[in-house]
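Paired with chain B in one complex and with chain C in the other, chain A is shared by the two complexes that follow.
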Partner chain A sequence: MKKLLAQIKAYPYTKYILLGLVLATIPSLVYFDVLKSSYVTLVGVVMIYTIVSLGLNLLLGWSGLISLGTAGFMGLAAYISAYMTMNLKMPFEVTLIVSILIPVAISVLVGLISLRIEGLYLAIATLAVSEIFRKTFAEFEFITNGFSGKSVRYPTFFGFFKLDTTMTYLLLVVFMVVIMILIHNLINSHVGRALNAMRGSEAAAQAMGINLLKYRLLAFALATALTSTAGILYAHFIKYVEPSKWNLGLSLNILAVIIIGGVRSIIGTFVGSLVVFAVPDLVLKQIPYFGKIPNFAYIINGILIIVVILYYPAGLIRVFNDGKDAVVKLFKKSRGKTV
Partner chain B sequence: MSHVQPLEKGIILSIENLSISFGGIKAVDNLSFQIKEKEIFGLIGPNGAGKTTAFNCITQFYKPNHGSIRFLSKKDVTVELNEHAVHEIIGLGLVRTFQNVELIRELSILDNVLVGAHIDYKTGLFGAMVKTRKAKKEEESLRLEAMKILQFLGIADKAMWPVGGQPYGILKKVELARTLMCAPRLIILDEPAAGLNDVETLGLADVIRTIRNEYNCAVLLVEHDMRLVMDVCDTICAINFGKFLAKGSPKEIKLNKDVQVAYLGTQEDQV
Partner chain C sequence: MSTFIQLVTRSLETGSIYALAALGIIIIFRTSSITHFAQGAMAMFNTFVVTIFYINFHMPLWMALLGGIASAFLSGFLVDFLIIRHTKKVSPVAKQIMTLGLIMVFVGVIPLFFGVEPLNLPKFFNSGEIAFLGAKISYNGLFNISFGLILMFVLFYILQKTKWGLAVRTTASNDVVARMMGVPTRKVTMAAWAIAAGLGVIAGVMNAPTTTVTPNLMDSVQLNALIACVLGGFQTFYGPVLGAYIIGIVKNLFVYYISSVWGDQLLYISILVFIVFRPHGLIGKKVIKKV
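Right after this comes the complex of A and B.
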């Protein structure tokens, strides 16, 4: 146990890869009837929301900027990729790039307008833009199919390599682990320090040569790129996009992910996503009587947020770390006795 | 050729007729002074005299209403600081600390010092994300440099500790260490001894002198602790209500009547 912990410290990517390997076993567990087949969809969705939430964590946790339009940008990317693959018959590879670039370009424009004076204006601007997107999804029927929603297929690579449910699920695992590693590197680099400085002290950041507008834009663009990636993966994994999904409620749920799971923690973001997007289906709905209360999950999330802010302001991931420390201490003690 | 009038030989910073007001209050009023290369220059004055405001004008946190601030940049070119954005100042070779320490609590001491090397990084976004060999090398060499500075200031053993929760004396040193990463020409210190005890203040005087000698730079400092100012400064400029009062060696300033009335007279019994 101790050896493993030391190893995780020496090779920082180990924990992300381990998590990926564990998640990759789920389809085979379903195959051997250990788990219900709905678990693949459920965990897949958790991974997709982990990717969005990592983007928001980069923005809010590390850079100290607030966006309330996460869902709108995610929906935009989902619709663009749906339209490009289904209507325009474009290859998935091209779709992936274009469906990231368009939302990112829009986010840079929104950022240029709102981020000049103060970071706080971003919250208002993104909320407005997100609502415009939502109206657009419903109104532009020739592209979005309106309220009937739009069907999408699993991704096809190189024009002939069609993925099935399991393969698409594994694609999600790869995307999430790679993104976790890229973010890990980023936040431990000078760029990450610049984002931290921007949050910690704008005065110090500026005095040390950090261009606030540039790094605010960078943080927002990166967050949007991750949001878009998640939107695209969502469309092609769930194979259906509907306009009503991308509302403020979803944006706030994604906010809840990082507050519950762990501000500025990569693994914590996954934990938060699990709590917010899987626990309601897995646990809450099974509870007799209470499970039938509409929006019961919202209530539980609200209570969780309050508890976490009061007792674990760094997120539930701290619970694990405390547990880990306790185990290590116990181990040390027992070893001390035998010597 | 630049349109800025070159500075006289040996001068590194020249402030002429600097003025800024906040809603009728003239925080800095027609202030002029010059700093020589490798000089330790003290700016003194009672609370609210406009010292921090003057620093904020020089470092472009405030844009002054009037006046010019010429600086001999790292490339030996005279530049007008008013024509530069606040984040461009450090690149010219001018770096500062803050009266109320400005550090990033969640980062380690080492990482805080490395923020001071931000402009030295050549690695781009992509290089940082995939951690190319070049990015790794650059990070390692700057880390080593930061460790050397922490060693010089005697806090290398605490390099990995988070800044949040450290005592004031350490925080002041971390801020000082951060200014040294960029190989500055002029360091501006806003009340570096505030909150330090007597022993720490004595040590600070030595550190400031050593920095001047080892890093070949000038130091401009604001300080309330008169012992430190008198001990360490080559030249002192006194201001009151934003206006120039007197300038000279520590001895001359001590004997100056105006300064005594405005500042020392009310302070001496406390010292």
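Right after this comes the complex of A and C.
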């Protein structure tokens, strides 16, 4: 029994699957009136943003390439998928593939530009790309329905298997856990090591035989694939897409997720997403006086970004380890005294 | 032809707004090596201060602007003193992200201090225009163009000819060596943040009459100023200013002659294509990095 437990603990995917199982219980808790029904939407949104942030983490954390175009690409995928399922009546599976491929193709172009410009300018270039998308969403009414927004339905599989709220929520859980495991494998493979080397020093990486063009484009493509997946899931979970959603503010919030949660940490990304997208509704609004301040969460996230970078660069995920270390230290000290 | 001249003069007006904002960004970049994304947010905040001085305290606009510049200097000082000074060991990308965090703070506090209603700020000159080669320029437009040019001329004069300007240029070229030579780099950086915030609020007050004073006031100015920096190159002080005027003019020409809907997008795409071929901008030189 003990051996089995140790084996399970040593299994690298245990924590992701465990997290998925815990999250999967939420709809049933809501069913038995333990939690409010709004929790399903809230946690679902947190999972969607975890997927986007994992993409950005791959780009910023592991490869050292900053992007402010996240919201633009997410919106693009959301709109394409909404148009395909609602107007063209395409099956969800086809939509999923096409709405990932188009943004990825565009992001590869951005990646090509990124090769020519230095790190600092990349943020500006991606910001410009995001701005192009945002303006286009509002103007391209034929597909996006302009400012009035576009409504979407829950996904339907194989043409007849219609999902409801709970099933879509569970679909999100599955997507998130699978993506977490995939990223875990990716960063522990030669690709992950190449990306890491590229972040450390491009010249050194090149000297070790790493093809910068190939891995930069790969990083952009993978990050955008995740961002698009999240955009599609968002469209089909919230069932509504509007152009004003995909602005710089959203990109900044997603950046905040990574910085606050923990750069280069998969579980940390989820923690960050929880802090940025769920804590405002769950905790901050309950605080007397301060909870009434509009934008309070936005201010707190901004301050957290600055404070975390200055004083706690590993992110909140380190709190668990540091806390454990502190307890162990305390325990050892007190034992040392009695002996 | 008169339409063309009209367009160009109108563009010079927006161009000078972009140029002031871009100059703020480049001053910060050169002295603290940070791409200052919060320049627009800080300018927007201080424009709100000007508006409050103007509306609630019934000050004349120029006096309110002076008050706004004072508050801009103060906010610049504070940001440098509280945050930027402690970032010696932080990587450039992380510094960039910190200024993004600053945006969230400055945008977030607006409803707290100034409420959620959009406010209005008038022009310096409400009426009157002069004819110039068949095109009409309003007094206010003329004032904005000339004020921007004079301000930039004064700043460039200070940068090139005075001892303080020399200190800024030495700090910009090499921070460590400048400190070794006895340049008070801390004071220089602090002054740079204050001046950048001041330039921001002037751009904000010039931009305010074209729209309403809301948290989104400076978004497009900020974006265009950043792109102007990329277009002009980050290596010189005057490159971004040139870039800003070019963007101002080309933007209006695209919007008028090509498409009012797709003009902006086309401009951004053509600039992206341009930097693929000239990655260091119009006037930029290649910076050789040591490995």
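Criterion: the second predicted complex is superposed on the first by the 308 of 339 C-alpha atoms of A that agree within 3 Å, B and C clash if a C-alpha of one lies under 4 Å from a C-alpha of the other, contacts with A are read in each partner's own complex, and residues count from 1 in each chain.
The rule is short, and it goes like this: contacts are C-beta pairs under 8 Å (C-beta built on N, C-alpha and C of every residue); 3 or more make two chains touch, one makes a residue touch a chain.
What you see is a predicted model, and the numbers here were worked out from it, not measured in a lab.
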Checklist entry - Once the shared chain is lined up, is A:L252 touching chain B (first), chain C (second), both, or neither of them? => result second
Checklist entry - Which partner does A:R193 reach: the first (chain B), the second (chain C), both, or neither? => result first
Checklist outcome for this item: Larger residue footprint on chain A, choosing between chain B and chain C, goes to C
Next on the checklist: According to the stated criteria, A:N211 is in contact with first (chain B), second (chain C), both, or neither; which is it?
Outcome noted: first
Next on the checklist: Quick check on the superposed pair: does A:A24 touch chain B, chain C, both, or neither? Answer first, second, both or neither.
Outcome noted: neither
Checklist entry - Of the two partner chains, chain B (first) and chain C (second), which one does A:R264 touch, if any: first, second, both, or neither? => result first
Checklist entry - Should A:N185 be classified as contacting the first partner (chain B), the second (chain C), both, or neither? => result first
Checklist entry - A:G302 contacts which: chain B (first), chain C (second), both, neither? => result second
Next on the checklist: Touch test for A:E131: chain B only (first), chain C only (second), both, or neither?
Outcome noted: second
Checklist entry - First (chain B), second (chain C), both or neither: which does A:S201 touch? => result both
Next on the checklist: Can you give me the overlap between the chain B contact set and the chain C contact set on chain A?
Outcome noted: 201, 203-204
Checklist entry - Once bound in the complex, which stretches of chain A touch chain B? => result 182-183, 185-186, 189-194, 196-197, 199-201, 203-212, 218, 264
Next on the checklist: For a test of understanding, state which residues of chain C touch chain A in their complex under the given definition.
Outcome noted: 35, 37, 83, 86-87, 90, 92-94, 96-98, 100-105, 107-112, 116, 219, 223, 226-227, 229-230, 234, 261-262, 264-265, 268-269, 271-272, 275-276, 279, 289, 291
Next on the checklist: Per the contact definition, I'd like the list of chain B residues that touch chain A in the complex.
Outcome noted: 59, 61, 85-91, 95-96, 98, 102-107, 111, 114-119, 121, 123, 125, 128-131, 135, 139, 178, 182
Checklist outcome for this item: Per the touch rule, the chain A residues reaching chain C in their complex are 60, 64, 66, 68, 112-113, 116-121, 123-125, 127-129, 131-132, 135-136, 139, 201, 203-204, 248-249, 252, 255-256, 259, 293-296, 298-299, 301-306, 309-310, 313
